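Each of the next two complexes has chain A plus one other chain: chain B in the first, chain C in the second.
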Partner chain A sequence: MARVFLENVVKKFGKVVAVNHVTLEVKDKEFMVLLGPSGCGKSTTLRLIAGLETPDEGKIWIGDRLVNEIDPTKRNVAMVFQSYALYPHMTVYRNIEFPLKMARVPKEERRRKVIEVAKFLGIEDLLNRYPKQLSGGQQQRVALARAIVREPEVFLLDEPLSNLDAKLRVKMRFELRRLLHDELQITTIYVTHDQVEAMTMADKIAVMNAGKIMQVGSPIDVFEKPANIFVAGFIGVPPMSFFEGTLIEKQKSLFLDLGSVLFRIPKTYYSALHPHVGSEIVMGIRPQDIKVTLEPQEDSYEGKIVGYEPLGTETYIHFTINGTKEYIAVIPRGMRISLKRKVYWKSNPQKLYFFRKSTGEAIY
Partner chain B sequence: MSKSHLFLSQKMKSLLEKRKSREALEALILISVVTCLNMVFGYFAAAFAFYLSFFKWDYIGPMEFVGLKNFMVIFKDLWRGISGAYFFQAPFYTGLKNILLYTAIVVPTQTILAMILAAFANQKIKGVQFYKVSYFLPAVTSPVIIALIFIWLFMKQGYINYMLQFVAPGFAPDWINDKSYLLYAIALVAIWGTSGHFMVSFLAAMQSIPRDIYEAAMLEGAGPIRRFIYITVPMLKPMIVYVVVLGLIGALQMFDLAWVMAGSNGGPGGAGYTMALDIYNEAFINLRPGVAAAKSIFLFALIFSVTYVFQKKYKVMVR
Partner chain C sequence: MRSSLKLTKLGWIALTCFVLSLFAFIYLSPFIRSFVASFMTWEQASRYPPEWIPDPFTLENYMKLFKLELFPRWIFNTALYAGLIVAGNIMFSSMAGYAFARLKFPGRDALFSALLALLMIPIFVTLVPNYIIIYRLGLIDNIAGLALLSLANVPSTFLMRQYFLSLPQEVFDAARIDGCGPIKTFFYICLPLAKPALGAVAVYQFLGAWNAFLGPLVFLRTPENFTLPVGLSFAFQRSMWTEYTPIIAGSLVAAAPTIVLFIALNKYLIKGIVIQAGKG
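So, the complex of A and B:
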């Protein structure tokens, strides 16, 4: 088991900077998820740790070893690929045995370990099959078995659930976490663009965008205390609604001037926001924290429904307040809504987020 | 559905059908050209050769049915050869013996060499395109030209012997005029000429192997040689079968190189004599087209059996 440390790592492909001065520490036995949209550099970061890419700048440490110059064959990291990368010409047994064979483990010991791991993952009945004879879930277990059989120092997973159907993905999500974190306690770095996976599996999440790390923290931290607009908008389903406007002060109260609406900011935020009076800021509200009613209430604002998505247990509604920008709110099922209907919304005063419009950094 | 909609959809359907039938007609016309050529120069020629093998003929006079006599000529030749007769008493046997040895040398060597060349050409190194073109160049050069160049190179005072004196001093055989070396010289030229061609096939197959499979093997501790042995070679199996089968077909009916390097009589002691040369001699020197046809059928049966058995045994699709 080992700590992984990336120090100021840069990776360029031509003029494109895929990984831009990334510094990241993954502690021993920690389950770290690299989360971000496609092309944000998370897979490249993983490949840099694996040794499949060479950094242009910076240092990568695995345990006590600086691994920049160490060949991937000698890094003692295991990786599960998005495609699983099983050897199609080998049976499941041979696939799992392969890393042990490469490590020149004696035949009898190889056999014992393969069977042990296969039993552990519940695939002992599949040992004589070829990968093409397996379902997606079974292939994934084989890929996992192949990765854990040689007890690597670090376990790398590159979107391993993305080829599975939704139901199986939920099941495997839970199983993976239990296997790698709770039972094997291997340092794991897991790449995904699915924030639900990240939130449910990670000890820590590193949110990435455009090659940079936006925030590192526990799932609750990145959800509750997003460091910037990107993290706030990326984490959470449906995404946070952002209200842009100028912060103004009237009679010792702060307001966000949204053009047609003057939004009264609760007193709680006064001291944090006061230095920004007169500047353009962005207020974020999670859709779950926007209460929508059909009749006006105290401190509520008028809006118009422009679309809705019924999900069964609840409904997402898209509404506007001045006809241009759309916001999302979650309403309970059974509420009578229709397109273009006038509604009234108000926010949970404890759950507001404020960001600088110029830099996107969080103010509160 | 309204009447106008129904009418429109029927009209569209008939238009589509018309277009389909027109496409089918165009396809038939294009295919028929090749089919006709194939019928005349392929199937008809093969059928006529089969027919001819039961007749005695001198190209001018009437054809005389002789039953299996032409085949008896072959078996007597083979029997004489097995009994130890000289080359001129058993030319077909000599041709068969030579071509089997030649095939045993050329096919495995060209296959392995082509695979190794493809593995090099598949690397991301500078100037790789130059090497690819260099390897492939012999494939687009006439075998006759290649053979002529190599006759020069293989001469007693030629360049190959000049180079050999640095590697194996004192070893300077007369490649073309010594019966112990002639077949090996021809085999070397064939290997040089065909490996580049098959390299391209292997290169295409190698490039279709997913990169992440190599990366997975790399992370599991497999270095370049072990990746080649455990990943590349097994995953190239369908292509290896294809290359070996094509190699077998090409080698067993080798004519041009032997014709140029050894001559129609097969060179010293018939060392470069092949079955295809013998068939040619029967047909155009001895003027026994019936016997030539019978020998062609023997050669066909040999090629068919060898390639069939090989394919049956090894053609297991892995992907």
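So, the complex of A and C:
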């Protein structure tokens, strides 16, 4: 088992900087998820660790070894790809056996290991089949078996669930975590753009954007204490609503001037926000922390519904304050709403987030 | 309204069928003419306007052909020549195609462009330099020497490159992680996956080699070493005239394997066209 450490790693493709001075530590036996939108550099980071790409700058360590110049075949990492990348001309048995054969493991030992892993993953009945004869879930198990059979130091997974249907994805998410983290206890780096996967599987999440690491922390940390607007907006379903305005002070109270509305900021935030009076700031509220009613309440503000998405258990409503920017709130099912209807909203005073508008960094 | 649309559609289908049949007939007519003429006497076959029914029906042309002492030898030579070229192309063109598609080396794309540019050079331009090379190697009048010139060629390399480009990158990445260097990847992953493309290369090269005339005519000298097309021309060419009907019969016999091959493997030919039309 091994720790993986990336030190100031840069990878460019022509003029595009895919990975921009990334420093990241993945501890031994840790399950790290690289999370970010498409094109943020997370897969490139994984490929750098695997050795499929060479860094332009920086160092990559696996265990005690600096692996920059070490060929992927000798890094003792295993990788599961989005498309599983099974060899179509080989049976399941041959697919699983292949890395052992390349490592010149004796035939009898290969056979023993393949059967052992196949039993472990419940695919011993599929050993004589070809990949095209398997379902997506079965193919994924074979890809996992091929990776596990080598007993690697580090497991790399590149969006391995994205080709599965929603139901199977939920099941495999749980199984993967149990298998890799709880049972095998292998250091795992898992790439996904699906934040639900990241939240449910990771020990730690590294949120990436535009080739940079935005924040590294436990799932709860990145959810509760986002380091910047990007993380705040990326983590959470539906995404956080952002209210931009100027911070002003009136009679020892702070307000966010939203144009047509002056939003009263609770006293709790006074000391943290006071140095920013007069500046443009962004206030973030998670849709679950916005309470919407049909009648005015104390400290509520008026809004107008411009769209809604009923999900069965709850409904997402999109509303505006002054007719321009849209915000999202979650309302319980059964609430009578309609398009263009006037509603009243207020926030949970304990659950507000504030960011500098200029840099996007979190203030509170 | 609906029935008039249906009529228009039927009209178009009928027109398409007519045009296709016409073209098929135009393309097939030399073959049909050869087939018919192979059972005619030379006197009847050379009449104008052409006659289409053999009268008298004769097998004399085929008899003359099979009486030729060197006929089996020429078939063997042609098969050997075609076999060497097919084997060479499968080996070298697939390796070259793999290198151009999947390996990274300086000047790769420039080299490939230069290779493609070779397609624009007519065969006659390279005939004399090739002759000199083969002569210097002492391989004139030698089937192996003649085959040496065609063991790899640009269209086959291009076809293999296109095919290897069409394979998913992730399979190559997986092989690399599983412990394969470029050579192992080629033999364990690429070659087994390239069967359709290799089939196309084999069929194209076999057809080309089996029917080749110019190369064997220039590079082979003694009748024992001739291939079938050159041998037939040699056998029935007299000083003042040529016996065309036995040559026609011989050509039909010579074409038989290629026709069988085409019927059996035409899916590979189509596959070959599809691969070449793929992404660059």
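One rule holds in what follows: the second predicted complex is superposed on the first by the 364 of 364 C-alpha atoms of A that agree within 3 Å, B and C clash if a C-alpha of one lies under 4 Å from a C-alpha of the other, contacts with A are read in each partner's own complex, and residues count from 1 in each chain.
Here is the rule we go by: contacts are C-beta pairs under 8 Å (C-beta built on N, C-alpha and C of every residue); 3 or more make two chains touch, one makes a residue touch a chain.
In this text the structure is predicted, and so the values were computed from the model without any measurement.
Enquirer: Since both structures carry chain A, what do chain B and chain C do when superposed there: clash or fit?
Expert: Chain B/chain C on chain A - steric clash.
Enquirer: Just chain B (first), just chain C (second), both, or neither: which does A:83 touch?
Expert: both
Enquirer: Thinking of the overlay built on chain A, is A:50 touched by chain B (first), by chain C (second), by both, or by neither?
Expert: both
Enquirer: Can you give me the overlap between the chain B contact set and the chain C contact set on chain A?
Expert: The answer is residues 50-52, 72-73, 77-79, 81-83, 85, 87-89, 98-99, 102-103, 146, 150 of chain A.
Enquirer: What residues on chain A touch chain B, complex-wise?
Expert: 50-52, 72-75, 77-79, 81-83, 85, 87-90, 98-99, 102-103, 146, 150
Enquirer: Enumerate the contact residues on chain B facing chain A in the complex.
Expert: Touching chain A: residues 210, 212-213, 215-223, 226, 230-231, 234-235, 237, 318-319 of chain B.
Enquirer: Help me check something: in the complex, which residues belonging to chain A touch chain C?
Expert: 47, 50-52, 71-73, 77-79, 81-83, 85-89, 98-99, 102-103, 146, 150
Enquirer: Name, in rising order, each residue of chain C that touches chain A in their complex.
Expert: Result: residues 168, 170-171, 173-181, 184, 188-189, 192-193 of chain C touch chain A.
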